[in-house]
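Two complexes, one shared chain (chain A), two partners (chain B, chain C).
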Partner chain A sequence: MTSATLLRRITDYAARADPYPLYAELRRTPVARQEDGVYAVSTYWEIAGLLHDPRLSSDPRNRVPTAGEEDILEEEQGLPPSFLRLDPPEHDRLRRLATRPFGPPDSLRRVSDMRGDLARMVSGLIDGLRDREQADIVEDFAYPFPVMVICNLLGVPHEDEGRFHVWAEAIVAGLDPGEEGEGPAERLRAAQRARMELGRYLAGLIEDRRRAPGGDMLSALAAGHGDRERMSPLELVVTAVLLLIAGHETTVNLITNGMLTLLRHPDALRRLREEPGLAVPLVEELLRYEPPVQLLPQRTALADIDVGGVTIPRGAPVWLVLASGNRDPRRFPDPDRFDPGRTGNEHLGFGGGIHYCFGAPLARLEAQVALTELARRLVEPRLVEDPPPYRRNPVLRGPRHLPVAFDGCVP
Partner chain B sequence: MDLNRCEAYAQCAFQAPDVFAMHGEEALMYEPCPGDERREQVMRAAASCPVQAILVEWPGGPAVPEEAGTGARG
Partner chain C sequence: MPAADGSAEEFRRRGHAVVVGASLAGLRAAETLREEGFAGTLTMIGDEPHEPYDRPPLSKQVLLGRTGAGDTLLPRRRALEARWLLGTAATGLDLAGRRVRLAGGEEVRYDRLLIATGTRARPWIKETEATLDGVLTLRTAGEAARLARRLDARPRRVLVIGAGFTGSEIASACRERGIDVTVAERGPAPLVGALGGVVGAVAAELHRAHGVDLRCGITVTALEGDQAGRLRCAHLSDGTVLEADVAVVALGAVRNTEWLAGSGLAAGPRGIACDAGCRAFDVHGIVTDDVFVAGDVARSPHPLFGYQFLSLEHWGNAVAQAEVAAHNMVSPGPERRPHLWLPAFWSAQFGVNIKSVGVPPMGRELAVVQGSLTERRFAAVYGHQGRVIAAVTFDHGRWLPFYGRLIESAAPFPPDFAQVDRAPGGPRPIPAEFPDPALPTHGPTVTLSGYAPSERRVTFVPARV
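Let's look at the complex of A and B:
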């Protein structure tokens, strides 16, 4: 096989359960031009360098659209891009405003103060498994938990989950580059419609919070900070859409990939049960070994960029294959081994540079609490099928279901 | 703290708010000798640093080899 078809083999559903051998093949050419003009970057240092390179844009408006995308990009008048898909200085301003009610310097303890609530949610969900012998870790645990967390944090009523779940799925499907021979047009259009509808729903909530503020992030974002710079109403809606989707569709895979990895490594599971403090480095290792965001497929070169002996031409789309960089033997000793005590773990699981995962501290905390409690409370857990069935999406990768059998739960 | 490595991701301030604080968006302030009661926070901060810029040594405890990275950045 030539490298021209390798990225297609990676995004093909057949590779979903184990894309890692294909990533190893991809790394033989650190910066590989694909037949459709995409440049795939697969080695650690090259990815890390590009994550910090201002010549690589995240703004889709800098893209030269590929066939079939032209109409959609032109039509994209619905909602403007969120800060995830903006460059400085707009990115910096919006991310800074979004950070005010979330993290330091203004909200130093927002995330660490959530620990108690998170532990109660996890206990409640595991209590629900007490009389069972089998559970689907996705449906019964890893999906509902982060949704509860993000709803609480933003101030979105949990009862509306059924409504926004459909929109969230459609939006995330828009990230899927699709199968060979299948145009991405319809999926992209559906994602845009869903984004618009979710935006309309959140605009209503933001209006409610403006009138009657609570302690949640939407209230804080709607109130702004006195006379200091603030988001426009439209920017606020776009940011709320981003935070809800990101909080909704990524942590589920971190927790599910984590449980799957623990069940495949019984020693690690036993160690975590005996020393809960292991959860901290273990979650970092998971982010290296099975990252929920496998690749960043939406960057564009703003100038000719020399990297890895190749010149990426101005205007070319660039894919940063984070999950491959995380397995690069030139950076990580014994990269295919899951080592929960690994030190110096400078993984790419949350990306890097100015777009480093906004919700990283929350995702870490959720995964630490969830995996520690699952390990402690489920008695003799074991996989019912290995590999489990996977979701279609190669970008946000994780199992669709994770059936696990066990002999009850300890309190 | 290896301030040459630090890129102001602020992950340490999230993990250990009693030890690390951001002043503005880029200046990091920290307590260089936090008490034993902060130990867990410090370990969380060190593990979560995206550029592994926090070196932890605890008197009486096992020194944690946070020899960050394996060579020069390319």
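Let's look at the complex of A and C:
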């Protein structure tokens, strides 16, 4: 079996429910050149090193397009890239501005102050399951919860969810590197169109907030911060698109993967019920064991980089397989064991370096509150289907549905 | 009393471990001893009355009033089951008899000893001036509480003597609270000893942009009080008289080694010399096997830096060295580990996060590799004999692990590769501008005596303070 077919097998839908044995195979060659020229990096220390390596660019404009991609990149005329796909100094400026209304030093307690609201939302959603014996954790809980949270935070009307959900799906599908014989070009074009539409929608909202500001992030971003540097109107729209998408497409999977993992490990579920403080290390272990972002397929080498005994040549696309690094036995003892009390758990679940997950503190809090309450309130929950049906996407990986049966809810 | 036959296993099962110094290094060492299965008795001796607490917040959050000086207790990794002798200074060490003498006259026997007595703030040189009401230092929680109370009382002006990291952080806190502050620095710029003149010039801009009255190339010649003994003004070397209600002496630290004078350990004003396995040297330069050292008070050779003995007053070093020392205390020879921590520190001042790895003062040259000095956001590397020896970042800390690896792999200086945010034309090395190392030192003296080989002895002469 050559490594070329290995990465394909990983992105193939057949591997979605359990890609981990394939990651183990991939780790035999920590830095593996694929036949299309992509370098897949699959071991912990090598990934961690590259996440902090300034010779690796996140800007797609540095890519040497692979065959079949050229026309797509040339056609790219939609919105400019968000800070997720920019390098310093542009990245740093935009991320710094986006951080002002969200985290330290300017907004020290924004996330921790949301705890009460999050708990109320979670209670409301679980109350809705009271008279039922079965629920789809995705549709009934893990999707609506983060969407409510990000809508509140940004100041996006929750009633519009039906509209932006379609765009969000299309945008996320654009991250899917796709399978052989499929049309990644078509998906990329659809994603670009969706990004434009979502951008247009958010531009309207931002205009409203500029005229009548509220306490939300869009209002704060639109108002700027005194006479210090500020985002241009276009940068603001692009950033809002990024936050809205990233704010709900990943947390859905974190919570769903979490519930699935707890149901597969009844001891952990019982422990969480008895000691809610366990939620903190448990969510970290979850981010290691079943990370919602499995790999980062968008980096490019700006220079020849020697890593893991291989030279990644300048211009080569690099995939950092975070989920594989998280199971690297050289870094984590007994890596395939889910250990909610694990210590020294510096996982790669949120990436690392300057692109370290912007929303990490919020995602952590959402998952901690959600899983603690699900564990506490659902009586005798059990999986209806194992494995559950998965979404297509190998990058943002998670179940499409998670049917769970239970014997009611405690208050 | 169990026999101490020197076997690690015997010690692990029922030995007596004594840790002198109950701060970060002492606590982490004690926890590591238990973590590694040490089941004997454990005694923690500390001269401060407090349980182990964290010091970095004392010059930051505490001075801003965000947290109390008594609220920075260190998180505990595990239960210790130790005998705590707090508020009790160790006053002497009997190496041959394996006993630590305490201030009250009591003696504590040990099989293996860890010394982590750290440092204290260097006091103002003139004793009578140092006792003036309003003249303070900052190292302990008690000192931080006193300084925070002074700042709460809205002094008209604070004088900070010395623009190292602590002095700069104090000045930053004053400005954030809207208090007028003058900083007097003997060198040409703040942080110049740690980071050199090029980076020091950026720090100077930071001070001034935040309204600090920064005066470089200036020393304070005298502090003057009123009749009630309250600080009134300071006399500066340029003849200026500066009125100030508060003066903070931030002239670095003094190592707490006086209690070891005459003990036979290689201990003095520069710290206690130990090997890479944290075992203390005696005055003859022979390594001991039952006395270990960790934290700010230790000096140990580092292979990456020419086996130079480095004294590192870094938070991360205290933790890493304590863990190695404790591991080696309970491990037989072949399982012992070297302390090979890459020096690293951070500071927060004037809204900027400053971080560094390696040993910047060893660098003759400096090259800005990312960002720019003028924007005060950058990463710069230091070069020594054609290799990267250190790096510093201002608001660029996320990249630091990469530069750490360049240091560890002796990468060529200046770095020559394409990377994000690279200055046009690539990095251009310039002199790093460290001050002449021939500054007043506090080094000890060693003399050789005796004629026959069996009589030859090294005698340690403590430096005059």
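Some observations on this one:
The rule is simple: the second predicted complex is superposed on the first by the 410 of 411 C-alpha atoms of A that agree within 3 Å, B and C clash if a C-alpha of one lies under 4 Å from a C-alpha of the other, contacts with A are read in each partner's own complex, and residues count from 1 in each chain.
Methods note: contacts are C-beta pairs under 8 Å (C-beta built on N, C-alpha and C of every residue); 3 or more make two chains touch, one makes a residue touch a chain.
If you're wondering where the values come from, they're calculated on a predicted model, not measured in any experiment.
In the superposition on chain A, A:Gly128 contacts neither chain B nor chain C. Contact with chain B, but none with chain C, is seen for A:Pro104 once the two complexes are overlaid on the shared chain. Legend: residue contacts after superposition of the two complexes on their common chain; A:Pro54 is shown touching chain C, with no touch to chain B.
Of the two partner chains, chain C is the only one touched by A:Pro88; chain B is not. Of the two partner chains, both chain B and chain C are touched by A:Tyr356.
By the document's definition of touching, of the two partners only chain C reaches A:Arg314; chain B does not. By the touch criterion stated above, A:Pro403 is placed in contact with neither chain B nor chain C.
Once chain A of one complex is fitted onto chain A of the other, the partner contacts of A:Leu302 are limited to chain C, with no touch recorded for chain B. Counting contacts by the rule stated earlier, residues 48-49, 105, 356 of chain A appear in both its interface with chain B and its interface with chain C. Residues of chain A that touch chain C in their complex: 48-49, 52-57, 87-89, 92, 105, 302-304, 314, 353-354, 356. Within the complex formed with chain A, the chain B residues making contact are 9-11, 13-15, 17, 21-25, 40, 43-44, 47-48, 50-52, 64-70, 73-74.
The residues of chain A lying in touch with chain B in their complex are 45-46, 48-49, 96, 103-105, 108-109, 111-112, 277, 280-281, 284, 331, 333, 343-346, 350, 352, 356, 360-361, 364.
Taken in their complex, chain C has these residues touching chain A: 351, 369-371, 377, 379, 398-402, 405, 417-422.
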